[in-house]
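These notes open a run of structures that come right after.
One chain, chain A, appears in both complexes that follow, with chain B as partner in the first and chain C in the second.
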Partner chain A sequence: MKLLTHNLLSSHVRGVGPRGFPLRLQATEVRINPVEFNPDFVARMIPKVEWAALLEAADTLHLIEVPKEPIEGYEHDEEFLRKMHHILLEVEVLEGTLQCPESGRLFPISRGIPNMLLSDEETET
Partner chain B sequence: MLKKLKSAERLFLLIKKQLPLNVSSGSKGKIFNEMQRLINDDPESWLKAISIWKNLELDAKKEKLSQKDANPLKRKMGENDVIVAKKLETEQMHEIRENKECQLEKQIEAAALEQGHRITKRQEFLEEDLQKDAVGSRTHSDLTFRVSCRCSGAIAKTFTAQEVGRVFGIALMKQFGWKADLRNPNLEVFIHLSDIYSVVGIPMFRVPLASRAYIKTAGLRSTTAWAMACLAEIKAGAFVLDPMCGLGTILLEAAKEWPDVYYVGADVSDSQLLGACDNLKAAGLKDKIELIKASVTELPLPSESVDTIISDIPFGKKFKLGEDIKSILQEMERVLHIGGTAVLLLSEDHCRRLRDHGGTSIPLNCREGHAGEPGSEECLNPEGKTGISDPVSPSFAASNQDSLDRMPPFGSLVPVECYKVSLGKTDAFMCKYKKLHSPGP
Partner chain C sequence: MDHAAAQLEKQHVHDVYESTAPYFSDLQSKAWPRVRQFLQEQKPGSLIADIGCGTGKYLKVNSQVHTLGCDYCGPLVEIARSRGCEVMVCDNLNLPFRDRGFDAVISIGVIHHFSTKERRIRAIKEMARVLVPGGQLMIYVWAMEQKNRHFEKQDVLVPWDRALCSQLLSEPSQPGRKQPCGPPERSPPAHPPCSVGRCSMCLKGPWDSKRSHSVDCEPILAGTCCASISKAGEEENGFCNTWGKSFRSWFSSRSLDESTLRKQIESVRSLKNTEGWAGNTISTQPSGRSSLDLDHPETFPTGEQHLDEEVFVGTAQKRLEWLRAPAPRKHLNGDHTGGGKFPDSASTDENCVDADDLEEGNPFASKLWRRISAVSATDSHPGDDAVSGKDQGPRGLDAKAFMRYYHVFREGELCGLLEESVSELHVLSSGNDHGNWCVIAEKKQSGD
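And then the complex of A and B:
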């Protein structure tokens, strides 16, 4: 699971609503995957990023050199884009958990795939 | 390079296409004569076709398989191929415009531009070659062949395919001196006699184009998957979701064609996700497509966070559909951005249930005079350009408007295009929805 994905996932436990985001990340196995750098693509993703969530996750993974926010003119700043590219796309969480900040519910990550399935009780109205 | 046609099923090099044989003209003998004329009347076009075929075969062997392109109709039409063989001829481009969906035109143009070089060279080469080949000077008499014959309509009632095949086979042997080889021929001649046309052609590949080099295990047929991705208006930098991705076929086809996009696939089944993972690895697309285990009725995504949804909704035969179609659409509607697109493959059953659920359809004012006009969503979406400029071909428009009329809007999801597709044994509907406004509280 890449950090770009983590940035989108939210807990869907009943009653939690928007407080189900962001999920707290805990990783037991992380891998760095080289991914071809595509500045256009990264630039397009920047406006979609929830920075607080990203910073929190990056912190848990002890990532260094994490920009605190998008800088002015980031579209043309290659250094900035490369850093973001690395953080969003090259860091892969293979094993760990995601925790709903409101309900405490844990969602396991296994082989890079987060399991977000809820049981029947959790989804019942 | 011919393998770049993405939603064509099979490809043929056209030798002859003409009006259907007149079965009522009397004796079988007379009709057999007519059939033989298909072969004997114009040996030159046969020889030219064979030269082209030989050259294309050589090219195919030299090139690696890389893929792109094409048109969503599952028709074994020779038209595709003559055009492919001589891509730059503008008259044929116009023909395409009239007969087929615009995707083909765009793709051929795009491919033509990309490979303009190579094609020009090849065309020059072909033309030179053909000039050298004076009529009859190269009868390609070293070829072995086999005739594959299909009859439908009135002809099928009078003749069996074997009879017809035999007549053609003998005529070919007499005309060109080729030898018949039923097991492993160099050349396969494909003949289709129907009530609409008589077509003779040479198939370009042994295997249907739908079997892709980059997909290990296909779920949905790749041609249909590609066509759905085409309909979805995927833009660079978009977030595309397949909430019932199965083996990931749709995402794979989309990611191959539109790489600067963020793709996520979700499924409830571990085995499917594993298969999808395998497919991604085999295709080298692990970096472009993310997988999550989630249910389509409880998507772990914030509302209005997805730009595009493309999904093949399980038909209930192979998979057990626990949830019903309404809850599925509801959740899709929730996560979709306003102005976002959803392209869904629905069974007749699904459509029926949606019709029963949904109230009245939005009146489609631009229904009349639809022939050749841009898609109807321009009438429905006053917010502005949807980016589609595909004219729907006249023959298509009629039958699709029918399906479209019957599909009601689902909350804020408004159907804008609907196509019936054949999946072999069953039929399905490829429905494109647009989210026009937020659903009410």
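And then the complex of A and C:
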């Protein structure tokens, strides 16, 4: 699971609503997976990122040099873009958990795949 | 009703995909060009969700966008993952995404697996929720109206029979099957997946060699050969054509939508063999053929059925009997003669009734189908464990036949559903693509 994916995930446990975001990440196995750098692509992703959630996740994973926010003129700042590229797309959580911040419900990540299925009782009606 | 719907879907969608996933491993079901086009038209840097991504065939179509694949079926997701895709397991009815995160969403051959209108609407609304305003949703569902075949009901169960797959592969008469390339296949007519797997290597000739190479290490097959075969003859539903042509059965399923339920209850009351709902959600047509179409099944006409009565067909012998039975139903269109001919071809040569015969409009073959379809449902042999596989002739309905539930859509139904029940979406375009109704809708700027 990439951090860009984590940035989109939210808990859908019954009654939780928007308080289900972001999920608290915990990783027991992380891998760096090189991905071809495409500056245009990354630049376009930046506005879509929920930055606070990203920082929180990056912090859990002890990533260094994580920009606190998009800097002025980021679209043309290759260094910035490369860092973001690395954080969003190259860091892979292989094993770990995602926790609903409101209900505490844990969702597993196994072999890089988050499993977000809830039991019938847990889903919102 | 929602619980009943969930149960039906569990049995006839989720469990089937989970059990048959190994056969999909190298399976590339047809990637619809219009879907590809939709994906390629998305702006670079877009975030896209493929809800019901299966093995991930659309996830890498456009390298300029980031596509996240999701599916309910863990094994299928694992396969997509092994191909390097970013994927997760989740439920279309409860998407674990924040609102307005995606620039586009695709739902290709997914919502026709939901067994009630309400659930189909929920699925669409969930997808609309996660779209940014102005973002687009593309939906493909299987059409009730098909060019060469005909569903008589909207709620159907389509079988998938692994054994038929291996049998077909071992057919010496089939062209292209004996192209030597790997270890020669001995062609046992059956069942262990491995034999089928080796068989598929023989298909390397005109087929996509890259695809079949990757099968080498895997004990998979039915799926693979299916994919390979389908390349040869593209047809309206693309997938598994040559093969699909031989296997076009479908069965009536109980509809869980209220209005149809009421009618069903009425018709059931007038019949003797009523049993509990749970045991008889399926009414089956005797047929030796199973659709192997994994995404877009083929079909053939069946007569109107009494629901909740019959269960699985027993044996090939039983089938022959039905075929000899006088055609009792008003639905029978073909002529009634020649009944004696069928049993011959039905026995060992059944699986040699060529795809070609059927497809090219062999008049005998098509009458044959109609005759089968008209046979009274009450002739079937009750007891779903009466299904025996192998020794009942080459086409014995395999005990492992998996039935997948579909609600096939009528023309206009999908659009209607959106207009009536999903006000946050505005339909941009709709049409028919290879036997599927497809819609592209946009999330409205205001509200939701």
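Definition applied: the second predicted complex is superposed on the first by the 124 of 125 C-alpha atoms of A that agree within 3 Å, B and C clash if a C-alpha of one lies under 4 Å from a C-alpha of the other, contacts with A are read in each partner's own complex, and residues count from 1 in each chain.
By definition in this document, a contact is a pair of C-beta atoms (placed from the backbone, for glycine too) under 8 Å apart; a residue touches a chain by one contact, two chains touch by 3 or more.
Since the model is a prediction, treat every value here as computed from it, not as a measurement.
Peer 1: According to the stated criteria, A:Ser10 is in contact with first (chain B), second (chain C), both, or neither; which is it?
Peer 2: both
Peer 1: Considering only touches as defined above, state whether A:Phe21 meets chain B (first), chain C (second), both or neither.
Peer 2: both
Peer 1: After the superposition on A, what does A:Pro101 contact: first (chain B), second (chain C), both or neither?
Peer 2: Neither: A:Pro101 stays clear of chain B and chain C.
Peer 1: Tell me which partner A:Pro39 touches in the superposition: chain B (first), chain C (second), both or neither.
Peer 2: The answer is neither, since A:Pro39 touches no partner chain.
Peer 1: So in the superposed three-chain picture, is A:Asp120 touching just chain B, just chain C, both, or none of them (first/second/both/neither)?
Peer 2: In the superposed model, A:Asp120 contacts chain C only, not chain B.
Peer 1: For A:Lys2 in the superposed arrangement: first (chain B), second (chain C), both or neither?
Peer 2: So A:Lys2 meets both chain B and chain C here.
Peer 1: Which parts of chain A are touched by chain B and by chain C alike?
Peer 2: In the superposed arrangement, which is not itself an observed complex, chain A uses residues 1-2, 4-5, 8-12, 18, 21, 38, 40-41, 43-45, 48, 89, 107, 111-118, 123 for both chain B and chain C.
Peer 1: Give every residue of chain A touching chain C within the complex, in rising order.
Peer 2: 1-2, 4-5, 8-12, 18, 21, 38, 40-45, 48, 50, 89, 107, 111-118, 120, 123-124
Peer 1: Which residues of chain A touch chain B in the complex?
Peer 2: 1-2, 4-5, 8-12, 18, 21, 33, 35-36, 38, 40-41, 43-45, 48, 89, 107, 111-118, 123
Peer 1: Quick one: which bits of chain B touch chain A in the complex? Just the residue numbers, please.
Peer 2: It is residues 236-237, 239, 260-262, 264, 268, 273, 277, 287, 290-295, 297-302, 305 of chain B that touch chain A.
Peer 1: Spell out the residues on chain C that touch chain A in their complex, using ranges where they run on.
Peer 2: Within the complex, chain C touches chain A at residues 3, 6, 43-47, 63-64, 66, 68, 72, 74, 77-78, 81, 86-91, 93-99, 101-103.
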